[in-house]
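Think of it as A, B, C, D, E and F in the order they're written, each chain with its own count starting at 1.
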Amino acid sequence: MSHDLDRSSPAAPGEAASRPDGRRPDELRPIGFRNHIAPHAAGSTLIEWGQTRVICAATVEEAVPRWMKEQGVPGGWITAEYSMLPYSTLGRKPREISRGRIEGRTQEIQRLIGRALRAAVDLERLGSRTLWIDCDVLQADGGTRTAAITGASVALRLAIGKLRADGLLPSDPIRHSVAAVSVGLIGGQPRVDLCYQEDSAADVDMNLVMTSAGEFVEVQGTGERASFSEEQLASMIALGRSALSRLFDLQAAAASP
Amino acid sequence: MSHDLDRSSPAAPGEAASRPDGRRPDELRPIGFRNHIAPHAAGSTLIEWGQTRVICAATVEEAVPRWMKEQGVPGGWITAEYSMLPYSTLGRKPREISRGRIEGRTQEIQRLIGRALRAAVDLERLGSRTLWIDCDVLQADGGTRTAAITGASVALRLAIGKLRADGLLPSDPIRHSVAAVSVGLIGGQPRVDLCYQEDSAADVDMNLVMTSAGEFVEVQGTGERASFSEEQLASMIALGRSALSRLFDLQAAAASP
Amino acid sequence: MSHDLDRSSPAAPGEAASRPDGRRPDELRPIGFRNHIAPHAAGSTLIEWGQTRVICAATVEEAVPRWMKEQGVPGGWITAEYSMLPYSTLGRKPREISRGRIEGRTQEIQRLIGRALRAAVDLERLGSRTLWIDCDVLQADGGTRTAAITGASVALRLAIGKLRADGLLPSDPIRHSVAAVSVGLIGGQPRVDLCYQEDSAADVDMNLVMTSAGEFVEVQGTGERASFSEEQLASMIALGRSALSRLFDLQAAAASP
Amino acid sequence: MSHDLDRSSPAAPGEAASRPDGRRPDELRPIGFRNHIAPHAAGSTLIEWGQTRVICAATVEEAVPRWMKEQGVPGGWITAEYSMLPYSTLGRKPREISRGRIEGRTQEIQRLIGRALRAAVDLERLGSRTLWIDCDVLQADGGTRTAAITGASVALRLAIGKLRADGLLPSDPIRHSVAAVSVGLIGGQPRVDLCYQEDSAADVDMNLVMTSAGEFVEVQGTGERASFSEEQLASMIALGRSALSRLFDLQAAAASP
Amino acid sequence: MSHDLDRSSPAAPGEAASRPDGRRPDELRPIGFRNHIAPHAAGSTLIEWGQTRVICAATVEEAVPRWMKEQGVPGGWITAEYSMLPYSTLGRKPREISRGRIEGRTQEIQRLIGRALRAAVDLERLGSRTLWIDCDVLQADGGTRTAAITGASVALRLAIGKLRADGLLPSDPIRHSVAAVSVGLIGGQPRVDLCYQEDSAADVDMNLVMTSAGEFVEVQGTGERASFSEEQLASMIALGRSALSRLFDLQAAAASP
Amino acid sequence: MSHDLDRSSPAAPGEAASRPDGRRPDELRPIGFRNHIAPHAAGSTLIEWGQTRVICAATVEEAVPRWMKEQGVPGGWITAEYSMLPYSTLGRKPREISRGRIEGRTQEIQRLIGRALRAAVDLERLGSRTLWIDCDVLQADGGTRTAAITGASVALRLAIGKLRADGLLPSDPIRHSVAAVSVGLIGGQPRVDLCYQEDSAADVDMNLVMTSAGEFVEVQGTGERASFSEEQLASMIALGRSALSRLFDLQAAAASP
C-alpha cells in the first residue's frame, strides 16, 4: 500500500501569492493512495488529493448488462457510480435518495468515469462480467471527478490483479492506466488542478482525461463566464498534458504490488 | 420567416462515396428554419438540419430561480429543457415520464444547452426574469444537441426581439449568436456534422459550441472506442471552426426581421 | 398532404357578437392538417384547429401488451399518450417529468383517445402488434382532446396505409373514421367547438366522439358549475352531431392519397 | 343509523334468467348504509350495494387549496380520493403505493367524485375550509364509483350536520343530494346497475350522476366494444333516471337523524 | 362471528382517576371482533379495541416471493402491509401515495406484523403460496400495531380454515396464536394497553408480542424521553404477560367456528 | 485520535471451536476508532469493529425541523441517516437511489440511531440547531447498526467539542455516552456481538442500547425462527450489559482529547 505524498516540485518564491495554497500554475496538489480501504471490494483505494478524498472501489458482478446479452455483444462491461457523501462538503449536502432522484451533475460525472475506464480496458478480454466502479467523495475541495477517475484506475488495476490471482482471467485486459486533471483559466492565466476556491473563480474550466500512452480519452472545456480562444485552449491542453504525465507515475507506484 | 435550405457548397465528384449522403468531409447538411412554429412562445423556430428536426421555443417567466433570489444575484437567468418526442426515432422511444425519471443523456444535453445560451447573453441586462429554452426533437438523425443549440439561439433572439418590441427591455442583452456543430473521427479521418449512421460508427465524437465572435464556449471530445492524439484534436477543431462560421450566416438570415 | 382550411359556413351578421371570434353557435373553427410532420412515424399529421395545434403520430411496435399475451387475446392493440408541450400555453406549463408524475387530466385524456381509436378498428385484423398514438399539443386554445382524437384518426389511417403498402396487413383493419367535438352550455345556450375563452366560461362542457357511421363512441357531459336538464342534453347532442358530420368530410380529404 | 336493505321491487318470474342475480332490467341491487363506521371522520357511512361495499368518509380541513388563496376565490372546496383496498377484489389487488403511482382509472374516478359532490353544494356557504371525501372500496362487485358517489353524498350530509351542530355553519350549504347509477347495453338491451359479471360483458357502459332536483351532473357513456345509436342512448338515460329517483329516497332515509 | 366486548375486570374505585378512561394499570380496553368484514378475502376481521379499529384481512396468492424461488426455499411465506386510512385520525392523515413514499413508521410496523405472524406458522406446511396480511386502521386511538397483530392472527386462522375446508391444506400449519400488547412507563409507573393520550405522555413505550405457548416473539422497549432500569423493564414485562394471556382467550373465542 | 484495538480478554482454549472466530460467548470483537476521517464534518470517526467498518459523521445545520418551528418546541434536534456503501457487502449491494426508494430496514435503523442519540443529549441545551448523524457502512460483517450507534456517539462528542471550542454552546448538552451491542441465541446459547455468519444462524436476535449511566434506551429482541422464554431474555440482557460496560470505556478513550 502506497501512502506517500507527492509534491511535484517546490513552488518558486515569487509565485506563492498567485494561488490560495501557494502552488505554481503548473503544480499539482499532494496526492496519495490508501489501498484496500474497503476490503470486501475486489479492489479499492482512498485517493487523497490535496483536501479532496474519494473512496474508489471496484466490485465484480458475474453478469453483463441486459443490452449486451440481447445484442450478443461479446466480452464484459465497466459501469461507474459517483456520489458525494453528505459530510463531504462544508455545509451538509443532502443525500440524493432524500430528494428521490439523481442530479444531472452526478449523472454527467458517472457517465464520464465509466467512459474513461472503458477506454483503457480491452472489454472482450474482461470475460462475461461487469466491473462496477464506485466513487464516493469523503471530502470535496475541487477536482472530485478527476480524483475519482485517477483513483478508480488504481482500484480497477487492483481488482484485475485479484481476478488474475484467482485464475479468472487468462490475460490482462488493461491496456493503459487512465488519469484525469483539471485546468482552468483565471484572470486569463491557465492553472492546473484547481482547488474549490479556484474552481469557483475560474472563467473557463477544463477536464482532461488521458491514457498512459499519451492519448486523450476526453477533452471537456466549458466557458460559462467567458468564452476562450483557440490559443487559450492550446495552452490549457499543454499544461494538462504535463501534469498528467506525473499522475501516471504516481498511479504506477500506488498499484505496484 | 426563413425557410431556405443551405447546401454550403457542392460535393466534389470523387468524394461522394465516402459519406452516406455523398457530402464532402467539410460539408454541412442542408439547414433551414421555420420560425413561429409555436405561437404561444415568445420566440420559436423549427430547425430542420438534414433529417434532424428540433422544435426550439423560448418562453418568459417573470421570476428568477430561488437560488438567485436567496443569494441576491442581480439580473436574469436562462435554463433549458431537452426532450426527444417518442416518434422522433425509427423505433418508438418511450417518454421519460413513463419511466419516471430523466435519463443521464437528457440531463447532460439540457445542461449543455443552458450553458451555451447563457454564455452569449448579458444576464444582468435580461432583467429579473427567466428565459426557458425548450428543445423537443421531432425527428432524430444525429446532431440533435447541436441543432438544438443552433435553433435555440434563433428562438432566443426572436423572444428578445418580442420583449424589446413590448418595451420590456431597455437594451439588447444578446452579445453574440451561439451555434454548435459535431465533428467526428471515422477511420482516422475527421468529418463535420455527423448523421446518425456516421455517429454510430465514429471512433471519436466531438461537439464544438462557439459564439459568433469566434470564441469557444464548449469543447467536448470523447473517445469511447479509441483515444486521440493532439494532432487529431487540432484537425477536428479546425474542421468545426470552418463549419461554425457558415452556421452564423444562416442564423443571421433566419433571425432577421 | 392536405393543408386547406375549412370555415364551415359564413357567420350570419347579427350573431357575430355572441362568440369571441364571431362564429355562429353551430360553426366550427377553421381546421387543416399537415401530414407527415414527423417522418420517422408510420403516420403523422399536425392538426391545426383554430388556434389549437396538435402533433398526432402513429408508430408501430411489433409486439402486444403483456396482458394480451398472458390472456391469449388474439390480434393487436392501440394505446395513446397525450402531452402538452411546455410552450403550448400562454404561461409556460412545466413538463410532467419535472413533477415526476402524470396529472389526472392527462391520464383521463389519453385513456379517452385510446378507447376512441380502438372503437373504430378491428383489432384482430391489426395482427399481433401495437399501434402507439402520440398526441403532443403544440398550441392550446381549447378543444385539445377533440383535436387530438380527430387528428389521431388521420395519423392512424396514414400508418395503416403504410403498413398495407409494406405488405404487412392482408386486409384493412379500419372500420370507420373517428372524430370528436366539444359542445358547451353558455348562458343556457348551446355552442359547438368551444375555444379556450368559451371553455372557461361554460356551465356545462360536453365531448362527443363518433364514428363516421354515425354512432357514438363516447358521450361525456359534465356540469361543474350547473346541472343540466334532459332537454339541454338533447340539444347539445344535436349540435354536436351536425358538426361531427362536417369533421368526417375534412378527415376524408386529409387522409386521401 | 340506517341499515335497512332496499330491494326496489320483486323480479317478475320470466325474467330471472336474464341477469346473473335474477333482477329485472330496471331493478337495483339491495342497498343499505351503516353510518358512523369511521368515528373520527366528521361524517361517514359504509354503503353496501349488493356485493359492493365502500367506506365513505368526509373530513374537514380548516384551510383551502393554495390556488383558491392565490386567486382570491371566496368560500370552500370539496376534493375526493378513491382507493380500492387490496382485499376488495377476488385476487388481491396491490396497493398503489407499492407501484409508486396512482393509476389512471383511480384518478379518473376521484376527479368524478369530486365534481359530483361540488355540483350539489354552495361552496361559498361552506366557509373557508376543505371537505375531503375519501372513498375506500372494501368489496368490489361492479359499480364502485356509483356507490362511492351515492355514499359520499350521505357522508357529506352527516359531516355538514356535525359542522352545523357545532355552530360552524350559519346556513346549510347543501343544495341537493347527489346519486349515481350505471346503465349498460348487453346484447343490445339496456340494464341498470350492472354487477361485475355484467360490467365485464357490456358493450356500452354508462354512468349517470344526478341531483335530487332531477338534473344531470355527469353523463358518461363509453362504447369500447361497440358504438351506440342516439336511440340507445335515450333508452339508457330513461332507465337510469328511474333508478336514480329510488336512490334519492334511500339516501334521504339514511341521512335523516 | 364474535362481537362481544371484553372488559377484563372492573376497575377498583380508588384508581379511576389515574387513567383517562378510568382503567386500572393492568386493565385492557374492551375488545371485540367482527369477522368477515371483507368477504372477498380468505379471512378477515374488524378488531375493535377501545376506540382503535383495524380491518385485518388475509388473502392468498398461489405463488411465493422471487427470492424463495431463486434460493429454492421450500414451503410458503407470510407478508404484511399496514396502512392508516386518512380518516382514522382526528385530523385527516394524507395517504402515503400522495407523498409518493411509505413512511419509516409504516415500514417498521408492517415488518413487525409479518415477523410476528410468521413466527407462529409452520411455513413449510403452508405449501407453495403467500399469505398477504393487510391491516388498515379505520380508527386510531393508540395501540394500532398491537391491535393489527392480534386481529391479523384471527384473520389468518379464518383464512387457514377456509383453505383447509377447500381441501388445499393437508394439515394445519398454525402452531400458535399470536397476540400483542403495549406497556408504558408513565410517571415511573407501568401501565398496560396505552390509549393515544397515554401513549403521547409515556416516558418509555414497550410492545410485547407473544405466542399462545407463552414465549416471546418480539420485545421492543424504547425510551425516547427517558431511559429505564432493568427493574422497570422486568415490571413492564410482567404486566404485559398477564394481559397477553387474556388476549389469547379472546382470540380463541373469536376464531372458533 | 485513538486507533488502538481492544480485544477485551483472551479466549480460553477449550472454547475456540464454538464461534467462527474463536471468541468466548461473552467476548467482543476488536474495536478501534479513526477520528477525523471526514474533515469537513464537525465530528467524525471510522469505527472498526471486527470486520465491520462504519464512517460516522456529525454535521451541524443552524436550523431546526419545520415541525419544531411550527409547534414552538424549544432547543435543537438530532436526526440520523444510515446507508450501506455498495462495496460494503461481499456481493455488490445496489444503491438505494438506483431503486428510487429507501428500504424498510434502512429506515428502521436510521430511526433507531436517531432515537438512541437523542436519548443521551439535552436537546434544549443544544440550541436552535440540528445535528445530522450520518453512518455509512464501509464494510459489513454483522452488527452494523450497533457499530453505527457506538461510533455516532463518539462523532457526536467530537462535534459538540468543536461547537464548544467555537464558543457556540454555553454548556455541554451531552448527558451520557450511548453504546449498543447485539446478543443472539444460537442453539439455545446466548452469545454477544454476533458476526455476520452467526447473525444468519441465530434463532433470536437482540439489540441493546444503553447509556453510560447504565440504563436502557432500547431493548429490541426478535425471534423469527424461534420464540424465546423469559429466562432466555434475562440471560441475553445480562450478557449484553456486561459487554456494554466495556464499550463505554473504549468510547471514553476514543473521544478524549
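Keep this in mind: a residue touches a chain if its C-beta (ideal position, glycine included) is under 8 Å from a C-beta of that chain, and two chains touch if they have at least 3 such contacts.
Note that the structure is a prediction, hence the values are computed from the model and not measured.
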Length of the shortest touching-chain route, chain A through to chain D
3
On the document's contact criterion, could you list the chains that touch chain C and likewise touch chain D?
none
Looking at chain A with chain F, do both copies bring the same residues to the contact (over half shared) or different ones?
same
Let me spell it out: compute each chain's centre from its C-alpha atoms, then which one is farthest from chain F's centre?
C
Using each chain's Cα centroid, which is most distant from the centroid of chain B?
E
In whole angstrom, the CA-centroid distance of chain C from chain F equals 61
How many angstrom lie between the centres of chain B and chain F, each centre taken as the mean Cα position?
53
In angstrom, rounded to a whole number, how far apart do the mean CA points of chain D and chain E lie?
33
Touching two or more other chains - residues of chain B
100-102
Building nodes from the protein chains and edges from chain pairs that touch, which of line, ring, star, complete or other describes the result?
ring
List the ring in order: which chains come, beginning at chain B and going next to chain C?
B, C, D, E, F, A
Chain B - residues contacting chain C, complex
37-41, 44, 51, 55, 57, 59, 61, 81, 83, 85-92, 95-98, 100-102, 132, 134, 136, 138-140
Chain F partner contacts - residues on chain E that touch it in the complex:
101-102, 104-105, 107-108, 110-111, 115, 118-119, 206, 210-211, 213-224, 227-230, 233, 237, 241
